[in-house]
Every structure is written in C-alpha cells, then in structure tokens.
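Structures are listed in the sections that come next.
In the two assemblies presented below, subunit A is common to both, partnered first by subunit B and then by subunit C.
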Partner chain A sequence: MDLSQYAELFLAESREHLSACNQLLLEWERHPAGLTPVSGLFRAVHTVKGMAATMGYARVTDLAHRMENLLDVQRRGAHPATDELLQLLFRARDALERAVELSVVGRERELDVAAIVADLEQAAARMAPARPGERPVPSPEPTEPEPEAAGRLVQVTLRPEAPLKGGRAVLVLKRAQALGAVHAVTPPVTAFEADEFDGRFSFRLDATAAAEQIEAALKAAGDVAHVTVGGAEAGGPAPEPGATPGDAGAVGGGPSRHIRVDLRRLDGLMDLIGELITVRGRLNQLAAERRDPAVDDVAIQVSRLSSDLQAEILQARMTPVWQVFDRFPRLVRDVARELGKQVAFRVEGKEIELDRAILDELGDPLMHLLRNAVDHGIEPPAERRRRGKPPEGEVVLTAQRERASVTITVADDGRGVDRRKILERAQREGVVDAHADALTDEQLLRVLARPGFSTAEAVTSVSGRGVGIDVAMTRIRALGGTIEIRSELGKGTTFVLRLPVTLAIVRAIMASVGPERYALPLTYVAETVEFGAVTTTMVEGREAIVLRDHVVPLVHLRRLLGVTSDRAPARAPIIVLELGDRRAGVVVDGMLGQQEIVVKGFDAPQGTLPVFSGATIMGDGVPALILDAAGLV
Partner chain B sequence: MSDAGVVRLLVFRVGGLLCAAEAERVREILPRLATTRIPGAPPAVAGLVNVRGTLVTVVEGWRALRQPEPPASNGTQGGTTVLLEVGAGRKVLGFTVDEVVDLLAADAAALERRAALPGVDPTLVRAVGRRAGQLFVVLDTDALLTPILSS
Partner chain C sequence: MSHTVLVCDDAIFMRTMISDILAQAGFEIVGEAETGSQAVEKYKQLRPDLVTMDIVMPDMGGIDAVREIVKHDPDAKILMCSAMGQQALVVEAIQAGAKDFVVKPFQPSRVLEAVQRVLG
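Our next item is the complex of A and B:
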C-alpha cells in the first residue's frame, strides 16, 4: 500500500492550514493583546499534527506538537503576545511548512528541527509558571509523536478475508479524519504495509459525533468487521471545543459541500465540451439543410443544453483569487520588516474568480510586483514624514471583474518613478530616441521591463535588479493578459494587470490564407484595414503602412507560413495587432468572421514556426492553428 | 497471451513495406482524418488532426519510411491512421499506413534479431519477423517518431 497518493492530499490540506496560520499570526501581530486568533491557530496546528501523525511524519508531528503546547500555555495564561513570541511563532510556522513540504517528498530526514523545537520548549517553559494544581503540559519524545491520549479510543478490525488490508486501514483512517483529528495510531501507519499486519488497529479520535455515527462512518470504508468506540480518556488535554464542523479553520470537519477535484479531470471535461460544441455546430448545419421542424427542435435543445453545460464546466474551474492572494500579507510584512519600512497592506476583491489555470500562474508575477512596491515604491518612514506623508505606507492589491476579463492592480502610495532619471538612462542605453523629451507610461514600462534594467540606487536583497517587472510581464503575456503602469512622482505607482477570465475560450478573428484557416485572438487586434487602400512604404528595409502617423510594419502570412497554392488576392485585408506600443499589420487573404474558440494545446513537432499559441477545432471538426500576437509583432 | 516472452504485434503495410509495431504501444486505429498543416514542421509531418476533441500530430508513414507515395486514391481518402504512444512520456502521435494487415502474437525470442531488410534504415528496426512466408520489420517506433517531436 502506497501512502504517497494521500501525500498530495495531506500537502494540500496542510498548506491551507498553514496559510490560515499566517493570516491569524498577522492579525495577532496587529492586535497583540487580543487572544481571538489563538484558538484558530491552535486548531490549525492541531489538525496538521493529526494528519501528519496519520501519515507517519514524526518530525512534522513533533514540531506541530511543540507549537501546540506553546499556544496552549499562552491561551491558558491569557498573556498578550510579545513581539518575541510572535517572531518565534512565525519562525515555527515557516519551519512547519518546510517540514511538511520535505516530508511529502520523502526528504524528512534532511530536516533539522532541533533548534526551533528547543526555542519553543523554552518559551513554553518560561510562560508556564506552574500554578498549583495545573498539570504540566506533556512534552513527548521526538521519536514517539503521539504518546498523549486525547480523544476517544477507537478499535477497528478488518474482515480477515479483506485484500490489501494496509490500504483499507488507511482508508478507514481517512474516514476518521473527516470526523476529527486522529492520533496515537497503533500500530503506526508505516506498519500497515507489513506482512504481519492482521487488520486490527486502534487510534484516538477527537470527535464529538455519537459512537454509532463514528462506527457507521468507518464501516463505510468497506471490509470493516468491527468497530468499537470508547469514551473520552481523562488525562489528555480537553478536546478543542471550537473544532466543530463548519469552522473555517477545520478543513475536513463534518459534511462539506465542496470536494477536491483533480485539475486534469476538469481539463478533460473542457476537452469534451469543446468537442460537443463542435459537433453541435455540425448538427445545426444539418438541421438547417433538412428543414425538418422535429430535427430543428432537437438541434435547438442540444444547443441550449451544451451551452449550459459549458457554462457549468467553466464555472467549476473558477477559483477565488484569495487562494493565491492569501500568502501575500505575510510576504509584504516580511519584506517591510526586513527593509525597516512601515506598510499597511490591503486586499480588495478577494472573492473575484479566475480560471484555475490562470490563477496558478499569477502567484509569481504578483509576488514580484508586491516586492517592488515595498522595496522601490514605499519610502522609509523618515523620508515619508519629510514629504508630509504618514509614516506608514500603503500597498493595495485589488481584483475586479470587468466583463470577460479580470483586472488586478498593485498600487502603492510611495515615491513613484522618476521619469527624468529613467529617461536619461533609457537614452544612454539606447532604449529610446536620444531626442525624446518625455516618457509615456507605455515607454516607461518598456524600459522598466528590460531585463537587467534597474533604477534602484542600491540593489537590495529584496528585489533590486529590475528582474521583477521583466518576469511579471512575460508571465502575464503568456497568459494572454496585458500589463500597464501608471506612476506619478511623489504620489505612487500602480501596475494594472488585465487577464482573461478563462484561458480555455477566447474570441478570435478567423482569417484565411490560401486554403488554410488561422485564428487571431481579439485581445491584440487593434483594427483591420484593407491592403491597397493605404500606401505601403519601406521603413528600415521593411514593408510598412502608415496609420495615423504610426508606422506599422507588415507581416505577409503567405510568405511567413509558406503558403504557395493559388495567387494572393489583389486587395487583401490587414489585421493590425497591438502589443504594448508595438504594432504589426498581418496581411491575410480573407476574413472569415469572429467566433468563440476553444483553445487547446498540441505537441508541436520540431521546427514548427514559433508563431502559434495553440490550436482550436472548427465547426467542421478540422483543427485550425491560433496565431500568437507576441510571435508576430 | 500475456506470458513473458510473447509480444503482440500490429502488422501493417506502408507502400511496399510490411511493418509491425508493438500492440502495447497502439492506442487506437482510425480512418484517415482531415489534417491541418503545421507550418515549419518537417515534411514527414502530415499535420494536426482532431481525435474526439484532442489534437494529435500525424506523421505520414510513407514519408517517414521513405516509401513511394501511394497512388492518388490513397492520398486523402484511403489509408488508416494508427495512434501510437511514443517515448517515455507516452505522447500520442498518429502514423498513417496504407492498411492494417493483422494482429498477431509472436514469440519474442523467435523474432530473428537481424540488422534490417534492404531499403530500411537499420536504426529504425528492432527485429525482423515472418508472417505467412513474408518478412516484416518490427519498427522501433520511438526511434522513428521521437526525433519528430520537439524536446
């Protein structure tokens, strides 16, 4: 029996709890006298501990246990948090995160938690002035993760004839975890795999459910012969009263309306619905030819149903942005602390949803932009005071839905970009004309995004080399999004990211080139003009047209793609693409109208021209390639 | 059939060549599908096809094996596309053949380990077998098709 299939689930759930820990610690840090975050922290750490014990990750269990002890002492004593304690807890949380990440990839042995464990122990000992009658918190040996006997003793016997007893036992434990934290699994989970495992095991379960309920839930795992549920054991710490189902911090507690679905499943569904929509197109064509009201009727119904289905599947892929944003408060705090700056960080529009595939790619670019904002944007407190600003700077991360796109802004009220300085440098490095006298926002962004361009007087460890914007821009463009900058000297800088809500479906212009069809996503189409109606000129050896004083170089798709069959039409349409302040006019044979296309990837053979971002399937079932504006402009 | 030492082979004809591929690598056998040219791809690549919503790159069998172009009737209508799993990543690639001839079980040991038949690149041949008195080459489909996929 391989536990690794549960490792992924363990990791995902632990990450959620650890993310919650960060939020709670930050809240606590803002209001050190309040004790409300402590219960939540305790619960989150406790849950991680229970799950880790089930997986047999002794060091994670041990570390979580020490943290839990310290929190328990803190809570009982109702001490306000000192900065020292908070820093220790932040450190312990980070260590726990590393421990979790390493354990799931089988590198638990590389962990050294001795120092942090010792610090936690000491802190707990200092804070627990052993009041008379109070039971000292047990501190277990690191090798024995769960000697404390909290919760009810549950004994399970599997059917003697059950195959794969080890696997079944793990399934029973999973069921138990859905009811509450599981500890003291005997024999340990690692022994389930052994030949001598006879299908009998026991554990302690922190659950308030009735014995019958627990029994029924565990038997539902299958192949279970007996379950006995004992009472709560006196002596262990009282079960956490707040850990009831429905509590935000207790994932897996009680019945939930949410399930985890593998993203690949959702991708599979997207593929199928895309195909269904293609077939629907064919059905509609046939129905139109038949002129049979009965067939028409069915075609209309199929159309409606498949549209609804498509909308549902797209919806199922939607994920609220907080799943990525939640890690940023901690990031901003750490960076600000390191740089000695005071920063208030706000997040707005947490509930806005994006396609999972896009959201997953957003974390890094946003991290870079936030670091930049704190490092280059926000001034040190003294400087802010001198400029008549409050010493605490503000960084705001906002998500907003706008029709088919989502706008994400990263705004700071810091010093803004000094365009004069940048202009000088840009001229020196030949990025802009030597006689340019001002930089537009567009040009400013281009300069800032040049790999290696930095205006920071001193390169700091936090950001510094201008790498951030470069990386952010590349990523955002790869997602079919755009990035803009607005900056005012002395007032602050705002980055505006526009992203499609979903990668899977985009509006595109279909163009014909000889007998072939290509799709051009509308995102980058500025306008279309007719070739021949405007004069072409040669600019720096390239054929170009002049549109409202802008030189637009031409790209002949026939030539580029090597289409040789029949002759190009005398008057061909030009599709003008715009990417930032770069433009290109793509000369095609004809336009076949606009439509929604389902974007799909394909394994490009070697040598494939680097101008395609994917392919789609047309109404007749034949694929068409999607042209990538970034490759053409 | 699943005994060790027994391999199942899909035997097909490409031009004048009788070939076989390990059946274990064959995902599906389909009629010839409408292809979309991929600009820049090697000449052996016929293009992209739509297999129930998934895009698959198809390699023209006669070009890859340097066989004469099949008669016009075979060009776009006739023929068969065999979907093969290629390389360690088991990427799916289409391979066009003139016709599928047989599915047979062969004793792995009985496949005569020989360099090749005349007219076939020996690096693409894993073994040579015999069916109804006729020799066929067992293709090393990975060696034939992996170089066509980039990376």
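Our next item is the complex of A and C:
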C-alpha cells in the first residue's frame, strides 16, 4: 500500500507526542520520585513506535522500542528517576525527534542510532530484575502435568514467520476448547508470554470429532503450519487464506468533529481569498463609477460575503501559541543547566491564538530572548543570594490578546541591564551623543539591537551561537510587530513583543508618490496632517514639524525614493507614524484613502531601501509596495 | 450489507490507516475512539459488528476496555492491534475475550485475514 500519503499525519502526530515527552520529562525531573509522568511517556513513545513501524522506518522503530523497554523496566520496578536516567531519556527523545524528521524526508540512512540504542539497552539491563514476568496471568486451564491425561495428543506448530506466537497459541487453545476439554498444555501457558516461545506446543484434547475436523478448526485460528492429532500427522502448511473483501461501496470516516488540514491548503485558500478581495476592490471601483443601484447591491453583497469568508479562513489559520511555546521549557532548562543556573520557567496564556504564519516565525526570536534572559539576565545562585534574592531565578513567558494584536512578554527577575556600561560603550562607538548622561528604554533597545553589540564580557556558548537581538528585532518587525524593552538594574529585564493577530490582510492608507502608489499599514498611522498647516522647524539638522508640542522628524518619500518626475504639491499630506514612542512624519504627494490590502511576501533584491515590508496587488491589478513603519521612524 | 466497525486507537495516524484498510475492503467505519472508556461507551451506543482495539491507550487501556465490552456483550468481536514485544499483553487480551490480534506494522492482507477469522 502507498504509505507516503500517511507521512504527514505521521510527522504531525509524532511531533505532538515528542513535545509531550519533553513536558513529561521536565515534570519528572522536577519530581523524580513521582511516577505519574512515566506512563504518559511510555504511551507517547509506544505510539510513535507503532506508527514508525507501520511507515517502515526501522531506525525510528528501533530507537522507540529501546526507550519503551527502558521505561517499562523503570515503571515495573517503580525506581525513582536518577539524574543519569533522565539525561539519557532527554537525549533519547532528541535522537528520536531527529530520527522522525529525517525519516519522513527519506534520509533515514543518515541516522546513526547505535550509540544511543546501546546506552538505552545498558540502562535497561542495569535496572531490570533478574527476570521479568512478575505479573501473574491466570491461565485458562490447569497447567499441572497430567501424565495419564485423557484425550488425544494434539501437536501444533505455528508458522515460523508468525508474530507474537504466544498470542496465537492461546487463540488455538481457545478453538480447541470449543471442541472439548483441554489438558496438559506443554509448555505451560505462562511460557507463551515469553518472547522465546518458538511456536511449538501440544495438549490433550478430550473430543470425539474426526482428526480432520479438529485440524481444520485449529487452523482457523490463523498462522498454524502443522497440526497432528492422535499421533497421526495431518496436513501440511496451511494454504494462504485469500483475503475476501466484502462488498465494496461504503467508505468510512468516523463522525469526528475535527479534521487535519495541510497548512499549504490553508495558504492556498488564503491566496485565493486575497485575489478575491483584490477583485472585490475592482468591483467596488466599477460600481462606484456606474452609479447603478442594482450593481451597487451586488457589490455590497459580494463585499459582505467575501469579508465573512475571509474571517472564517483567518479563524481557521489561528493556532494556539502553545504549539510553539511547548518546546521552551526544555530549552530554558537546558540553557540553565549548561550555565549552572537555577531557573523556574512559567508560561502564561498558552491558549492565546495567532495566525499560523506569524507563530511559525516567532519561534526563533523568542528562543533567542529566552536564552538571553537565562544567560545575561538570571544571575548564578551564589550571586543571587548575595543580593538577597532567592537562588532560583524566574523567567516568565506570557501571551495576551489585546484587540487586534497579541502581546508576548519575556520577563526575567535577573540583574537587569547596566545602562551605565552600555552608555559608555555606545558613546565609545559613537552610537549615542557623547554628552548624553542617561539612556531611555527606547535608546537602550536601539543600542542593544545594533548588529554585533554585546555587553557580555565573555561570549558564552549559549548566546554566542544564537542570533542577536538585532535579528530577533528584524524578524518581529518583518511580521508587522514591534518590540520594546524595559529593564531595571538589579530587578530584571522584560521584552514586550506586539504582533498583529493575522498577517495576511491589513487595512492600509494608500498614498501616491510620483506615478507610484504605496501602502502604509494603518496599525502605525497616528494621524495625518497637511504640509503648510503645521509649523516646520529644524531639529539637530533634520527637518521636523511640531505637533502639539512634540517634535516629529519628517521623511520626504520623494527624496528617499529618488522620485524626480513631476513636482511635489505645495500642500503635501504628512502621514504621522507612531511606533512605540518614536514618531515620524512621512511626506507623500497625495492620499488615496484606506483599503484592505493582501500582504504578499517580498524578497527585496540586494540594495533595496530597507523601508519596504512587502507588496500588494491593487484592485486594478497593479502592484504597490508596502512601507515598513519600522524602517521609516 | 457491509459490516460495521468501531476503530479504537489513540493515534489518529493509526485510526486513519486502519479505517482506510477496512473501508477499502468494504467495511463501514461507524465510529472511532481514542481511549478505552470512549471505546466502551461507543460500543454500547453503536453495537458494531467488529471492534479494532489498540492495547496502549490513555484513560483506560485496551485490555480493560475488552473486559468491559465483553461484560456487556459476551459475543463482541474484538480484534486487538498490538506491537512487537507485547506478547504477554496480547495473551492477556485474548484471555479477557479478544477474538484475534494483528501486529504492527499492519499489512492490509493480514488485517483482513484476521478480520475474516473474527467475523468467521
């Protein structure tokens, strides 16, 4: 049968189980004497094993099987978890994850699981009692040898390739019992439970039926190669029973309330909706020109329906943040362990939902911020004690929904950022005015986010390998989000990330500069004013306007984009953007109103100004670039 | 009329695969269960001709589910879905009343053979 169709399901479900393994291992590590996580672990690994075996991924199966064995031995012996055992299981889980991922993409051959398999085996051997099988299983019949037992001697040999021969033997015995009393089962039924059982057994059957009948009845139990009744060899290898499918027709599908959808399907749907919305824009434009009430009616209906459809699709794309957050407890633990720090990690708001595309992009930046929090934020236990703090530091990751955006915070109660040190360094590097005597939060972030800027005296392996805050920041901004820092020396640091709930469709102000149109996402537009209606001034060599006592620097898009055609209008509109506490006034030629735009990914060619975050297609089919507020203010 | 089947397994992957194998052979999948207790509940409600039962499931395991179902309906036809290394559990399940078993990885022909034996 074609297994490739199941590969994605296998992957998705295996990932879930592996993620669960992480949570359970962490829980176990916190309470090593408790055994509750073990059965969950066992189940998760067992499920992965069964699925992998079905997919034919031998190495995944093998690895999972050894883990399962070890867990089983551990469970039966009710041993508390030692640190060594936990580390081994963590390693094995990671190896299993790699094995799953590689197998699905057809690279199973690259895997070398021999070392970890050997470690698992050794650990299981060390813990195993002399012999398993403490669990007594009642046998269906008395097994005492009955030397003068009544009945005919029946000898059965199962097919050599039959799996789980003991189970099959019990099925044969059941069939025999239907014909008459069964005695003197040799070897005793308890031996059937051992893996060494080779599939040959005999018993006495007190039945009057003909040998052929007995033989046929027993062979019906399946996987029976030979049956001899009353000493006379009867029959050879059983004929291969042909699979006799019933009448075809009814195709099943349980009455389940959920289905799994390939993410690419949702992306495809989203693209189509995007096109629909573009066409809707065109329809509205035409309807406005026509001034025909009937056409207007249809246009309005199409508008409403496509909005509803869009809302439904966006909803279908929403994914709870735990799908990404769930791997962080393990990450924080690993980093803390590596650095010899004690960290309690909490996650709040796991059930908050975000568009899948945003969530997927969020993993790396958050990972970096969490690493930073443990590495640079949380102090070593001794230092914390000296400062009168509990030796265990705290890192909290929180997700919160606020209207159309989701706020994610990464907070630690560590040493906080030493602004004095950073200011000195920033002044040395000429990043900050030499006369400044303090850094605001916003300046601090800008300094920290400079590529390559690090205050760590020694670059540890932890933060040395990751992306810098600058990369995290770029990612967040590319998603249309913002990032803020709050830090207090000695008390801790908090990063606040604000993200749109959905990525694909945003409301934007359309503006023209020369012959081109540009879109400015409304999220960042504070207000619009007219050039000439406000006071212009020069601040630190930059042109600016004064808006309610606040100086707002101006950005002339014409100049920035090098547009020389036509002339700028005298009373050009200024779109005031606001990002955190930074503002900028963007001077454009004209404003074309608001509309919903479908954001398309945008691979900027080298040398493109860093002021575009994407592109969109307008109602008339002409593309327009989307301006990135973060690149302008 | 085609036979009705209740598929019990905690993995969607496994349920999908078993359902596909059986549906292609003309069986009608009338329900799915993810836990042993769901299996018992759905058995009572659906009275399927056949049950495929995973051994390791959360909440209530497959073997306990077999006991419960057989208590309720001694003629229940239950096919255990087991994995290599579960010899003792399979023996226990059969003694509890399961009619046959298949071993993962599933080969459609072997699954259908076992089903035929169970429905006999």
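Here is the rule we go by: the second predicted complex is superposed on the first by the 368 of 633 C-alpha atoms of A that agree within 3 Å, B and C clash if a C-alpha of one lies under 4 Å from a C-alpha of the other, contacts with A are read in each partner's own complex, and residues count from 1 in each chain.
Note that a contact is a pair of C-beta atoms (placed from the backbone, for glycine too) under 8 Å apart; a residue touches a chain by one contact, two chains touch by 3 or more.
Computed from a prediction, not measured in an experiment: that's the story for all the values here.
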Quick check on the superposed pair: does A:G631 touch subunit B, subunit C, both, or neither? Answer first, second, both or neither. neither
Winner on subunit A touched-residue count between subunit B and subunit C: chain C
- request: For A:P569, decide between first (touching subunit B), second (touching subunit C), both and neither.
  value: neither
Review point. Thinking of the overlay built on chain A, is A:G274 touched by subunit B (first), by subunit C (second), by both, or by neither?
Key: first
*Would you check which partner chain A:E516 touches, where first means subunit B only, second means subunit C only, and both and neither mean what they say?*
first
Touched partner set for A:K600, first subunit B, second subunit C, both or neither: first
- Query: In the superposed arrangement, does A:P623 touch subunit B (first), subunit C (second), both or neither?
  - Reply: first
Of the two partner chains, subunit B (first) and subunit C (second), which one does A:G77 touch, if any: first, second, both, or neither?
neither
Within their complex, subunit B touches subunit A through residues 34, 36-42, 45, 47-50, 52-57, 91, 93, 147-150
Per the touch rule, the subunit A residues reaching subunit C in their complex are 1, 6, 9-10, 13, 40, 42-43, 46-47, 49-51, 53-56, 65, 68-69, 133, 135, 137-138, 140, 163-167, 170-171, 174, 189, 192-195, 197, 220-222, 241, 243-256, 260
Listed in rising order, the residues of subunit A that touch subunit B in the complex are 271-272, 274-275, 278, 516, 560-562, 600-609, 612, 615, 617, 620-625
Touching subunit A in the complex, subunit C uses residues 2-3, 5, 7, 10-17, 19, 21-32, 54, 56-58, 82-88, 90-95, 100-101, 103-106, 108-109, 112-114, 116-117, 120
